[in-house]
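Here it is: the structure, laid out below.
The letters A, B, C and D name the chains in turn, as written, and every chain counts its residues from 1.
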Amino acid sequence: MSKGLKIATIGGGSSYTPELVEGFIKRYEELPIRELWLVDIEAGKEKLEIVGELAKRMIKKAGLPIEVHLTLDREAALKDADFVTTQFRVGLLEARAKDERIPLKYNVLGQETNGPGGLFKGLRTIPVIIDICNDIERLCPDAWLINFTNPAGMVTEAVLRYTNIKKVVGLCNVPIGIEMGIAKLLDVDHDRIKIDFAGLNHMVYGLDVYLDGVSVKDKVINLLTDPENTSFVKNIDGLGWEPAFIRALNALTCPYHNYYYKSQDMLEKTKKEAEEKGTRAEVVLKLEKELFELYKDPNLAIKPPQLEERGGAYYSDAAVRLITSIYTDKRDIQPVNTKNNGAIASLPSDSAVEISCVITKDGPKPIAIGDLPVAVRGLVQQIKSFERISAEAAATGDYDKAVLALTINPLTPSDTVAREIVDEMMEAHKEHLPLFFQ
Amino acid sequence: MSKGLKIATIGGGSSYTPELVEGFIKRYEELPIRELWLVDIEAGKEKLEIVGELAKRMIKKAGLPIEVHLTLDREAALKDADFVTTQFRVGLLEARAKDERIPLKYNVLGQETNGPGGLFKGLRTIPVIIDICNDIERLCPDAWLINFTNPAGMVTEAVLRYTNIKKVVGLCNVPIGIEMGIAKLLDVDHDRIKIDFAGLNHMVYGLDVYLDGVSVKDKVINLLTDPENTSFVKNIDGLGWEPAFIRALNALTCPYHNYYYKSQDMLEKTKKEAEEKGTRAEVVLKLEKELFELYKDPNLAIKPPQLEERGGAYYSDAAVRLITSIYTDKRDIQPVNTKNNGAIASLPSDSAVEISCVITKDGPKPIAIGDLPVAVRGLVQQIKSFERISAEAAATGDYDKAVLALTINPLTPSDTVAREIVDEMMEAHKEHLPLFFQ
Amino acid sequence: MSKGLKIATIGGGSSYTPELVEGFIKRYEELPIRELWLVDIEAGKEKLEIVGELAKRMIKKAGLPIEVHLTLDREAALKDADFVTTQFRVGLLEARAKDERIPLKYNVLGQETNGPGGLFKGLRTIPVIIDICNDIERLCPDAWLINFTNPAGMVTEAVLRYTNIKKVVGLCNVPIGIEMGIAKLLDVDHDRIKIDFAGLNHMVYGLDVYLDGVSVKDKVINLLTDPENTSFVKNIDGLGWEPAFIRALNALTCPYHNYYYKSQDMLEKTKKEAEEKGTRAEVVLKLEKELFELYKDPNLAIKPPQLEERGGAYYSDAAVRLITSIYTDKRDIQPVNTKNNGAIASLPSDSAVEISCVITKDGPKPIAIGDLPVAVRGLVQQIKSFERISAEAAATGDYDKAVLALTINPLTPSDTVAREIVDEMMEAHKEHLPLFFQ
Amino acid sequence: MSKGLKIATIGGGSSYTPELVEGFIKRYEELPIRELWLVDIEAGKEKLEIVGELAKRMIKKAGLPIEVHLTLDREAALKDADFVTTQFRVGLLEARAKDERIPLKYNVLGQETNGPGGLFKGLRTIPVIIDICNDIERLCPDAWLINFTNPAGMVTEAVLRYTNIKKVVGLCNVPIGIEMGIAKLLDVDHDRIKIDFAGLNHMVYGLDVYLDGVSVKDKVINLLTDPENTSFVKNIDGLGWEPAFIRALNALTCPYHNYYYKSQDMLEKTKKEAEEKGTRAEVVLKLEKELFELYKDPNLAIKPPQLEERGGAYYSDAAVRLITSIYTDKRDIQPVNTKNNGAIASLPSDSAVEISCVITKDGPKPIAIGDLPVAVRGLVQQIKSFERISAEAAATGDYDKAVLALTINPLTPSDTVAREIVDEMMEAHKEHLPLFFQ
């Protein structure tokens, strides 16, 4: 390691890669990368080359001695890596489009990490991540696996339960987005805001919020429930919460909570958008095409500003900040997905949770919060049950478990609808679900 | 106590009273009751007299030396009682009809113990039960409180958290009904079937089922998921479950699970029935009128068979069986609502659960089950969160908590609909919600 | 099973066997045994024949159709057995004598189940019990293993952790002895007394005590701490407790608590007895010789009264009562060693505990007690830690773990003394510790 | 707070005060103290003046604008304080001498925080700390209470259970001493070593140890158990551990573990020292006299080097480091005594533990460690039981509880010796135990 780090990025042909590269460039002082291996599969070869060349130009422009390797050979990429990042998408955006479209036929919300979409993305992704973990065990057993691939909570759970890899962290940009939103609400710099996060991926709550270390939760709750302030709050969350609900909840929500506390509204909004401008995957497919056209420009040597529209803001920042803190044993506090270890009393000690952790060279160490507020324990437990049964179905190819997982998901109206959706989606994603079609 | 027991039945004017009296008569040998005090409020005086006279005729016919007292004086009834049973209905069936009708306007299921109906029945009932507990503490501190009043789980939770009464048991006929159903499915006598029950009131699961002590769960699950058997199974549960769901769940459900695992179907069924023949309360109102006409007949000295249609079968049997086992320290196993005490790991140790218990003179002792299956922990936790927040709202008159409770209930489509329903129902039940209108 | 039960008794040549046979005869109506296989090892052949012939005479006299088989072939004995009882002693009483003598040289208490004696009896016994469990898995996978072999708690822990056998119960006569003592103290029949037991084997507490179902704990504590009553109390416990200690403890102790709450006195008493009349093993060796002389008498066809002096009173009764309740699904309550399953909050859910259980055909179901009193949690946890580390050492042959186990035992004065005793005892028991001398 | 901080130091006349003042001077940049109130009782007035004048000279020499107030008026000192530090000793060193001397008569170890000494120091101290907490609640409710007074774990437990003060931290220099020792063992700078601490005050273990963030536990365990290295290890711990014990324990011990894992040796060592040069209190009494003679020197304006011999090295550093991190929301990691909050699974969530915490302006946040190693859970639980029962005895004046607490302490040979020691020490400390002599 004396000569610098080796990073392997699986799904390196992703449109996000320039974000990540930008992050590595910015933190090069602290995080001396020697080799960046972008690896993808045959079907992603063209994109890999486009985005890989852009990465090379970016690094060259920054004048840094980072070697960029583009490859389809995952083993070569993993060999002796220090960090492995995963940002792949089994079945590409076309599969995501099915995750979104098919459920809508049943009047059920289709979304990448929630409901049937989350289940099937998990079913497709988890066998691949298990395979990657087996490779890591063999080729770079000391590496940290930093997973951005959704559903990140379910994937982290699966790694903890169905592989021998212990050095895994799941990452999401939702918490950082909440911090940004609160900073904006209070009109202060982001770095003056700290939040105690706890819950699950895309089901995380802010249990307390501090300005310069002093709790300002009461003030924030007041602002969030102030009728005068509604338009601002709507901008953060999309729809705006009932003041009585937020006052009694006495915690910060995340945008994904809309799917659960406003399920009907979100379903209708999603249906309307799907009709008018296509589902999110369909929109992104178009955006990505444009992005890759931009990336091809041999004069482009920066992350193009249009990437922002793609979503996933701060992801790169969050990821590189995490990797840097692990590498440097920084011991700062970041919200990540890791083994609970008793930090949240009502969740299993051996399950993945999303929680504020001290980030050390030995990995994230969750800060004990006692327990979640009574009002949220049920929903959080329910999503954890969904994640666990889904991960089990994915790892074993058990059809009944897939039906069970979807039935217990709060977005599903009945066991029968669950079974019908599973049946149609199994067929639609057949080629990416080999364990279910043996 | 040497001269026999004193029982005080609050809500003694209920149409169920003949059931209870029949049960006391049947078990008189083991349960030597000396005084039965039927107490009701002014508004229920006429019914109390009708049903009270029938009770007297029944006892006379049985030739037993039980004195029946009819009174509006709760203090006199409670004084030195050995057992207090509660079967009252704040606001009578008219209030229940509102619990059912109003939510339907918002496309939300209205039902006595679930969703908005459960919340508002709790809000009306809990302050009264707290008041009764205060009286018990003063007038008969050694008495056991046997509560049949719904929502029985929420009411038991409230007694445990907001009163000094420890000797409380909540009772429901759902578990006994499941046993009956399984006995019929296997075509064996009821007493050869034993089930390990665990969960919450109206949210209870059968974790294992035994015939003559030997587990027959696999056989039962096979029968329940056998397509040939469907018509029978539908008769038990109303709608019939997806075989894949039940196989993966690997536990027995209760009829109330339909509200959660078939929420859409149940909503539509309920709306249709409400339109065609009235809501359940409206149907029961009519039934009760007919029943009381029958009860008036001075020649009637038995429980009339028409009472069966009223619902609540086995309630009397369950109640008298419980009281007898407590009184005689019988140490048999019955499923009741009591303090968890660690028996179910993922639920709070100090919360009420419905679980198979050894029934002793010192009360029910729950049998440790380890934990609920992963798949059901979420929903059960969610209902427990709903019960706790509802109980807190009821005990304190906190409007925000009422909105929160309804928002986190799985049957509610959004925080806004929750708030709207709460607002309309608060107004509709105003006279029975004094804590919210101070 | 229609033709009656098959029981296999490992260590069948034990002097206790007539007790067990007497028990089987008494309960034959409920427990229709067809075959009783007494199995022993080559070294125990002579005793097996003596005691086996006595058993045959006893059964013949009772006129029961139970076949008694005497064998050295464990596989034949286990094949298709319904119940397997274990009462063997690896290294015989000679090994026990070493367990007692050697520690005394270091001024450490030597006793069969406590301190160094308990550790080494565990180290010798556990590999054998694991071997038996492997046979059971193969030859009679549906059998229940009823273990009387000490240290019964450690052995049950080892079976739960290091074998695939789930149907295991550890049994001890200490709780029944406490009940007898309390019955005598209150001068009432034994069957009117019920006690809530919880803790570990030989470290069990009575958390409440009932007479005819009504708690009389306060009265019992008063009697136990009444100076007028001291002589009686001393007879139960040997030494007599400080009233202030018992009042504040507010629980019933067991005789083995003397080793921990009176460690100095017990050490001195044991040393004195060892000097004056030999250690317990040495005394028992002599007693056993006399017993076997009696057993040889071809006219003897009953359990000779002299067996009572051997100790272990009620063991047979406890064992046959347990087997009968399992066989008949009796669902009565008995204190046994079984998996905790959350019944005692501060002990691991997957560890063996000694606790009041409902005894069903599906095995013992522990009754949840919440948690042990604060004052006893530490000592109980410490013994559990000792049992777990000892069991691990025994199952793996790890010398360091053996030293650790003894160091953390409360009866050991230091890590160095622990190491010295382990070294000397390892050498002394070498032939029975093959895993440590590979 | 804009004008700087107010610190109130209760027991300000302590010989340690120059340490603390030196710490405040060193960190003045980060910790802008405006007022330092040294408060003591009438009996300590002379010392307060001596040490207070030294403090003034030290601050003057440093050229800092810190006002030093010397007072016997605790209310004036507490009024609007930002931090309250407590370092008082009820009954002075004379009482400690009794804590040490009396138990030795019974062949029981007498020590300030362990066994009878710990119990009686707790019994004297806890009512005073409760009184101080009541004052804090009234006079400076936002202040942090930083307690150095021993037994610090028991005192923190008592504050959490018997007062309304939540902002309390207990502090000890043992963990920092272990870090220093390991740094020396590895011959590296102290700040390159990090240790995961968990357990209780004076019963803390190092679960992992890192050099520059990388675990070096295996290497450290090897060094600690290397026979070649023994002399060094003995210097850290006093006596030296058995290699097999430490290898199997696989954790770092603290010096106080000698009292429990080498109880016999420590008792003899203590008796010998008491005979030859007096007990620790007697030695310290002499040292203190000399120190105060030095302090009187009007030319002395620094902490005299002789203070080091007094013991308690790094205390000041630990204390000021803690206060600074709270004040500046530094979020670094320090081992302190705080509410467990689920961080250590086998200890009560609401009990005080000593554990590595993130230190924020909102107080210490414990890092979840899952659970302690099996081998240490028992002893730790036992000390926690001792602390809880002792704290309860102290807060309520319950004699029986005091006997119980001492009986369950691992250093006590029997309930009778416990009772005898309690009786003699109650009498000896009578004037400082008003609750027991009402």
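The rule is short, and it goes like this: a residue touches a chain if its C-beta (ideal position, glycine included) is under 8 Å from a C-beta of that chain, and two chains touch if they have at least 3 such contacts.
By chain, UniProt protein names: A, B, C, D = 6-phospho-beta-glucosidase.
Remember, predicted model here, so these are calculated numbers, not experimental data.
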item: Given subunit B and subunit C, the chains that contact each of them; value: none
item: Computed distance of Cα centres, subunit D from subunit B, in Å; value: 55
item: Rounded Å distance between subunit A and subunit B, as computed from the means of their C-alpha atoms; value: 44
item: Sites on subunit A at which at least two other chains make contact; value: none
item: Inter-chain touch pairs (all); value: A-B, A-D, B-C, C-D
item: In the complex, subunit C residues that touch subunit B; value: 194, 208, 210, 212-215, 328-329, 331-333, 340-345, 349, 358, 360-362, 365-371
item: Interfacial residue positions of subunit A with respect to subunit B in the complex; value: 241-242, 244-245, 247-249, 261-265, 346, 374-379, 381-386, 388-389, 398-401, 403-405, 407-408, 410, 413-419
